[in-house]
Structures are given as C-alpha cells and as structure tokens.
C-alpha cells in the first residue's frame, strides 16, 4: 500500500474557480424559475412611529403589480424568536429604513415603480439616535456578544493606576461601519403546497431553514434552502435577515415564485452593521513599560429591536499581562437600525483602541513598540489563569519586524520626509479567538472508487469547499479528484454558521471523523467497497460542544507604512505586512487571500470607511457605495503575508485555527500608529480623514 | 415611461418641444444614477444616442466644438493637447466604465456641483450651444449654472455642443477625496492660464451650491502678473502672490459641512490646490517660454 | 407609445430580440430575460462595477447604467462570452492561477474590466497615473497603472493584491 502525500497544507486552487471566472456560479438571484415575480421594498421614512395608513391605490393601478404587502394584509408570520426576521408583523416603526411594505410584480421594473408609488403615513414620534459617552440611558447588559460577561475586574485597577509611573488615558472612537458584501442580500422563494424552496444568500443555511420553518409553521423537512455560492457576508448574513423572510412571505401571498434582492441603499438599515464604539483605555506602567493596570471601557449602542453589544473590551482581558484590570461595556438602546456582526466583532474595534494605546504607552516610555509588547507577554491568560493552547505573538512580532525592516527606521515621529510627504511606519498586534461549533457530516464510498462527503458548510469566499475536500481526501487517504464535497444546502447534515472564523474547524472536524471512519470501514472490507457502497455519519456534538481548559487564540503582528500629504492631509498606504500564527495552515493559497482580505478591509476601516447617523432623520447618511467608501483597487498597495506554523494539539484533528477575521484585527491600529510616526499626531477617531490630519499638523 | 428615440437633431428638438418634461439621456451615467436612486421618475426619456453628431468634435483654429455626448474617454484620448484641463479632469471622472459612456453634456444637464467637468469648463471660458425649435443660442459658461442642480436651459432646449477655446497656455485640474479612485470630490479646482489675453481663469467644484469661479483671485493674479512683467520675464511667481491667490480662491468658496468634509477643510484644500496648480501651470508656462526662446 | 419598445442586440455572439419595457436596463435584460446571469447587480448605480460588460468590442461599461432600449443593434460580451470553448480566456486563467477572487461575485465584472483595461493600455490610452512625458504607444502595465485602471470594480473580499498580479501577468 502506498501512502499518498498529504494535500492539506497544499496550495490547491479553488474547486469552484472555473465556475466563478466563467459566470457559471449561481448566486441567490441567479436561479431561473418559471413564473418568477419580483419584489421591491418600501422603507420607513421616519425613525420612530406607527404606520397609520398605507395608500397603495396608485401602485396597484399597473396590472403588472400583484400585491403591495404590509403589516395589515400580509400573511402573519409566527414568532421565530428573532426580531430581525419578524417582518410586516406590526405597524410600529423602530428605525428609519425599516421595511414597511413590499411591492410584488410581474417584472422588476413594475415592482420598483409600484414601491415608489406606495404612500405610507405615520404617527411620527420623537427619536433618539445620538450616542455619547455620558448620555442618559446607558446600562450594563447581562452579557455582550459571544457570551462574554459585560464587566470583569481583577485586582484593584484604581489603586494600581494611581500608583503607576507612566500612564496613558485616551478615548478612541469608531463610527458605524457597514459590511457591504458585494452580493446584496437576496432570496428567490417558491412554495409547492407547504413545501418551501429558497435560493438564499446567507452564511449558514441550516439556521435559515429552521427559522423559515418556525416563521411559517411548517416542517423543517419541507424547507429547502440552497446557498451554493454566496457573494460575501462578513457577518451580515450570519443569521437569517429580512430579505429571506420577505421573499418567502411574498411567494406565499401571491402564489408564485418571488425574487427579492435588496437595493444597495437599503442594506445598511436592515441587515446589520458594526455598532459605533467610544472606548476609553487607561494603561498604567512602570518606566520599563511593564503594565500594572489596564482599563478598557466601551460605550456602544443597540436598537430597540434587538440587544447586540459589540464586545470591544474583551481582547484586553487576554492580550497583555495586567495584574490589575477593569474591562466594561455600557450600551444605549436607541432608535437606530439593529447592529450585528461585522468581521471580528469586538476584537476589531477593541484592538484598534488597545493597540493604539499600546503605541501611546511605548511613546510615553520611550520604548520600541515591538519591544513593549514583548515585555508584556503574559505567561497564562490574564483573565482566567488558563494556559494558552499556543501563543506565538512574540514570534510574529519578531518575524514581522525582521521582514519589514522595522529596526532600520528612525523611531522619532515626524522626521521621515519625501518632499511634501511625511512617511511613517506603525505596528500592532492581532488576535482572534478559536471558535468551534458542533456540526454533522456524512461520507459515502462508492464501489466505483469515488467518495462523496456531505456537510452543510457555506463557502462565502473563504475557500471552505476546497479545504473540506482536502481534509476529506487526506482522512480517506485518496487523491483529491476522487472526492466530491457537497455544501451549501439546508438539507445536508447540519453545519454551523460561517462565522467566528469557525468554519474549517467546525465542518472539517466531522468531515475528518466521518472520513477516517469510512476509511477504516473500507479497510475492514478488505479494501474493496461492496456494491451499494459504504456510508458513515459523524457529528461533533460531544467534541465541539464542551468547554476547554485552554485559552485558544490565533495571534498576529501587522506592520504598515504610510505617507501623509502635508498640504492636503491625504493619507495613502505604501505597504503592509502581516505575520500570523494560526495553527496549521491547511491551504496556503486561500489562507493568504483571507489574511490579505482582512487587512484590506482594515485599511478601509482606517482610512476610507465611515458612517454617520444623522440626528435629524435618524439614519445613516452613507447608504450606497459612492458615499460609503469601500477601498478601491488604487487604495491598496502591496500587502505581504506570512505565517508561523503552529503545532497545537488542543484544537481539532486538523490542528487549525480560524483565519477569516484576524487579518482585520490590528490593521487599523497599525495604520493609525504609522500616521502618528509620520506626523507626530495621534488620531483616535476612525476613519482618519484629511480634515483631522490638517487640523492637527 | 415613454422612450423617444429621435433619429436626427431636428427630431430631437421637436420631441423636446412637444414633451418639455422629457429628460434627455445619452451616455446615461448621470441620468440613470438619478433614476436608479429614485431621485427622478421621468415620464418621458429622450434618447439622444442615435444622433451621431453629438459624439463628434471639431478642432478649429481657435476653438474646439465638443459634441455633448463625446465620452470622457474620447476627450482623454483625442483632445488632451488642445483641452488639457478638461482632459485632466476627465481622467478622474468616476470609473473607466463610466468614462466610456459619460460626456460633458450629462454633467452640464444635471449641473451637480460635484460634477468633475465643471471646474475645467469654467476655467476654459467655454460657451454652451443650446438649441430648441425656436433656434440656437450660446450660453457663456459663467451664466450656465443658476442654482443647485439647476442650469440656464429653457424646458424646450437641449445641449448640443460645448465650444471651448483651444488652450493657449497651461491648464490644470486637481481634486481631493478619501479614496484614490471612484471618488466624489470633496472639492475640486481647475485653473487655466491664458497668455494670449494675459488672463487667468479658475473653476471650483463641490464647494458652493453651484460650480463657481474665483473671480477676485483671477483678477488679483492677472494684475500681479502684469505688474511684475511675469508674462514676459517668466520669473517664478513670488510666494506672497501665490499665497494671496490661494487665499482668495479659498475665500471664493461657500462650502458646507457634510459627510465628505468640513467647510473649513474644503476651504483649506482649495487654497492648497490653487497654490499647487498655479505652481504647476506657471512652471509649464515658463518651460514653454524658454523652449520657445531657444527654438 | 405604451412604454415598450422592440430591441435587438447580440449577446455573446447570439442574436436576441424582444419587446421590452422601456425602463429595462441592459443588466436586467441580460439577467432576467436573456438568462445571462454572469453580470451581477452589486449596486445598480454604477458604483461597484460588478455588472461590467463589453460593448461593441472591448469598450467596458456598467450594464446597470444603460437602458436596453437605447442599445438596438449593439454587440454585448459578458463574462460568459470570453472563453474559447473549454479554453479559458487568458485573463480568466490568470484569475484562477493568482486566486484573484474569493466570493466570486465581483469576478465577472473584474474580468471583463481587466480584458478592456489591458486593451486600453495596449492601445496607448493614458490614465491619470501615466507620466505626462510617456511616449505614444502601449502604456507599460505597472502595478500603479493596473490599480488605477481596475478601480472601477470594487471587491469587498479584498482580492485586489491578487487581481493586480493576475492582470499584470496577462498585460505583460
């Protein structure tokens, strides 16, 4: 028996690559259906109030218009426990931009015109949308996102801080940010009796399926959700969003297939966003930079519909040795669109604050920022005392510094000049926790020597389909091309959501388990698969469902060089470098793309992306891609990515940590720190606008 | 929505006379955005794409007659030596895709203060040829923008062409924004030196309700250049003069605070762009003069 | 005048004619009527480039900003029309080789845009980053040129670094 070389760890090209470059890959709004009709939303023009009347007479004049659905006439949805999908149930308007009606018509053009012709009148009530750090109504939530406690106290922060030789006390602000995946939230729905089929854009169709079953009070087995290709999500498709409930509702109401693709400028209000944060960080250290006291206090907002609390202070609980620590979250319930997950919720804005403060501390101590971080490396997780399963932050910092040429720079701020440009460099650490959720998988060996693996994973661009095939092939001990992995359908064995950078671990584990088992079965059968094949099922309810005695996180170090135009205040990035330690990297090609993609989004967060809640009308002023500036090709320089391979036995059979989110964590701080090095100016509010730079220079 | 597709300019004018609310559409990049945004719901669209002459240009002795639908791409490709200011501005319009379709007529028709062509048009001192069944008239660009997104066209008139003086000296365009590309200008500035008349013209975008000129700055600079004999001696413009010019440009603006930038930043940025583009154009003028003397 | 018109065009070499709603954009005609769903609707406002197609040869345009009725007689090429049978267009192959995409939604537009961008640079069209003293003739496809020329196509996954590498390989 020959042993095949392992394919995990190989830079295998994406299995669906050909489909994606030829236009053959079908997304949620690409599936042709006979008799398809189209829907267009009508959204609230007040930030708080109650609908008093809906006049659809003008809209219905066009015979191509089939229905204008509102809370008053739509089939009533059951309560599925998720306010985000409780659509057209109530006359109450909880925020501007909430979908209050849906026009359905034979054509897209007619639906859109009908939606524009619907007149909604409101009993408008005063709204409250402005977050400040000292506003009334801030409260301590029971817990924050990802199940963390809102507050943690260790030691005596106040006393230790007061006694510290060197202190930093600064407030950092991140505006609301929008996920804006390139594929708008879309669903195509069709009923056959009580059986529902939806082609939906989401990050996990297992949950979409159970939610739809609950909303429409039908059997889960009768709900088919197809999500083979998803055009990005970044958290905004992590749970079912209104579009899928509306499409299914409309299809039921008109008795025809309905497609709803949310217009781009309606997405920010109804699919979630990163909540703004105001974060005060205080660091107390001795003259050598050893931190004794660390406080990270976050103020943020949620909506009146849901409680979602961006857990920005939690990475301060595990990043650095800090004998005395205070980490808190306060939240205000405002009349704003509901916030939700956006790439690395918590860690991303939180590490902007903490890693900026670390840079400030390095300046205050006259220490190299890389060295400062190395000096504060904790032996165990400070918050819990648990050992780290693996932690190679210091190696990332050192390797990154070497590759970047960090130590060749003049550490003094505002001395690097190239004509009217100031040049500077910055560093920041990255981290992201290891999440793994129970999932199920099936593996089948055919008598023709081929294998099929089924798991309801979702490939939102991460390369999940490819990596799972690699994991399966290795576990089966067969070449890659003999294995076919089916993903992206709600009727496949239940898979967890493509979120929390958990996908590869969560889906790969049962795949590995099933395939290992199947390989044994084949071996037991003498290496010959009998007619009818062999079939196994596996799940990780036990393995992935419990806790762990280790603190498990990926780490990284990011370096950035920027140029600041002293006459216009414009900041441009010259280069970025990231070095990460995230367990075993299973596919260097797709992993590299994930890291670079995260860093690119971090660049946008630092310099181009920003959103503003207008106090007058209570909604975001940046609602489309012309005003909300996702970084364009010309904004993004060469980004260099490397990693340190970790052999961590406390993770999963593949030894992998998640890689989808860590790239965005720390990127903005590295850039802001570079702006400080370039100009001597500390920018504590993102995005870094030319205005701010010029006022400060 | 009705869609009229005149095959000739005369048919187009007749259609516009019959349907004064018809919205003319050529490349579509300005009008379609407004329609797709639901900002406009015209009952009638007047498609000008079949009218070939709108895509033509003629380079004459003194002026360039630019058809209203000539795409920005064609301007960059073919007219950058005779209309350098407009060509430079054309480079930064939205995206390559939009530059392939959009033309100056659309920017003028919509008259958005952020349109990228306006500063260059103002600086050039062009005239807009508009027509109706009643006849043709030329509107000086200075009189064209009459209010926020409003222009001097009568309801039955269509923009046929823009008559731009051939550049008789260096021209520049500059804009600032947060993104490197596909950016709506936070503010924009155009300048044209006119050595033949010893004048300077400017244009400012995104910093007032309409695109405007900085007339006081132009007059100051022209006087200063004249007084110092700069047009003839080709000396470097003294920093104090450049500074004063920049301040007057800043002062001409009437910007607002909005999400793209504060009013004070816009004023500052305009001053910076004014000083920079003056430096670039004057360097080029001096270089040209020198090489002309050497030749 | 009942709000409809007859339009005939060629889509990836095949004739397509139909009476359509005057309000129909080229993008919606392709996707909803012609069954050509490669071009994607990312924004419907010309702000993202996901709908980029090639018009009458290699002129790239945003299909969402064109009314189909104004395109009678036009020749439209979408991402579906680039490969030569089973053989991928060199730009498509380079996107595969360089992992020039993740979710793939912007990819059809990126690829059409890249095909045109390469042709434009070869034809000597300058861009805003082309040095003014560049002699006439093909423009050197530097990274800066490609970044500028590809900036009409947004990618939220952040694949720009790989896209630039892919385009550069073909443009050389």
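To keep things simple, chains are lettered A, B and C as they appear, and every chain counts its residues starting from 1.
Everything below uses one rule, namely that a contact is a pair of C-beta atoms (placed from the backbone, for glycine too) under 8 Å apart; a residue touches a chain by one contact, two chains touch by 3 or more.
The chain lineup, named per UniProt: A = Xanthine dehydrogenase family protein molybdopterin-binding subunit; B = FAD binding domain-containing protein; C = 2Fe-2S iron-sulfur cluster binding domain-containing protein.
Computed from a prediction, not measured in an experiment: that's the story for all the values here.
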Graph class of chain-chain contacts, one of line, ring, star, complete, other: complete
Selected interface, B-C versus A-C, where C-beta contact pairs are more numerous: A-C
CA centroid of chain A to CA centroid of chain B, Å: 42
Chain B and chain C: spacing of chain centres that average the CA atoms, whole Å: 28
Residues within chain C bordering two or more other chains: 23, 44-45, 47, 147-148, 151, 153-154
Of all residues in chain B, the ones touching two or more other chains: 37, 180-182
Where chain A touches two or more other chains at once, by residue number: 113, 265, 624, 626, 631-634
Interface residues, chain B side, partner chain A - complex: 37-38, 41, 176, 178-184, 186, 259-262, 264-265, 268-269, 272-273, 275-276
Residues of chain A defined as touching chain B within the complex: 112-113, 116, 265, 567-570, 572, 607-608, 610, 612, 621-622, 624, 626-627, 629, 631-635, 687, 689-691, 694-695
In the complex with chain A, residue positions of chain C that touch it: 21, 23-24, 28, 31-32, 35-45, 47-48, 50, 78-80, 82-83, 88, 92-93, 95-97, 99, 101-108, 111, 143, 146-148, 150-151, 153-164
Touch list for chain A against partner chain C, complex: 13-14, 16-27, 29-30, 32, 38, 107-110, 113, 180-184, 229-232, 234, 261, 263-265, 460-463, 589-590, 592-594, 596-601, 624-626, 630-634, 636, 638-639
Touching residues (chain side chain C, partner chain B) in the complex: 1, 3, 5, 22-23, 25, 44-47, 49, 52, 55, 59-62, 64-67, 69-70, 113, 116-117, 120, 125-128, 147-149, 151-154
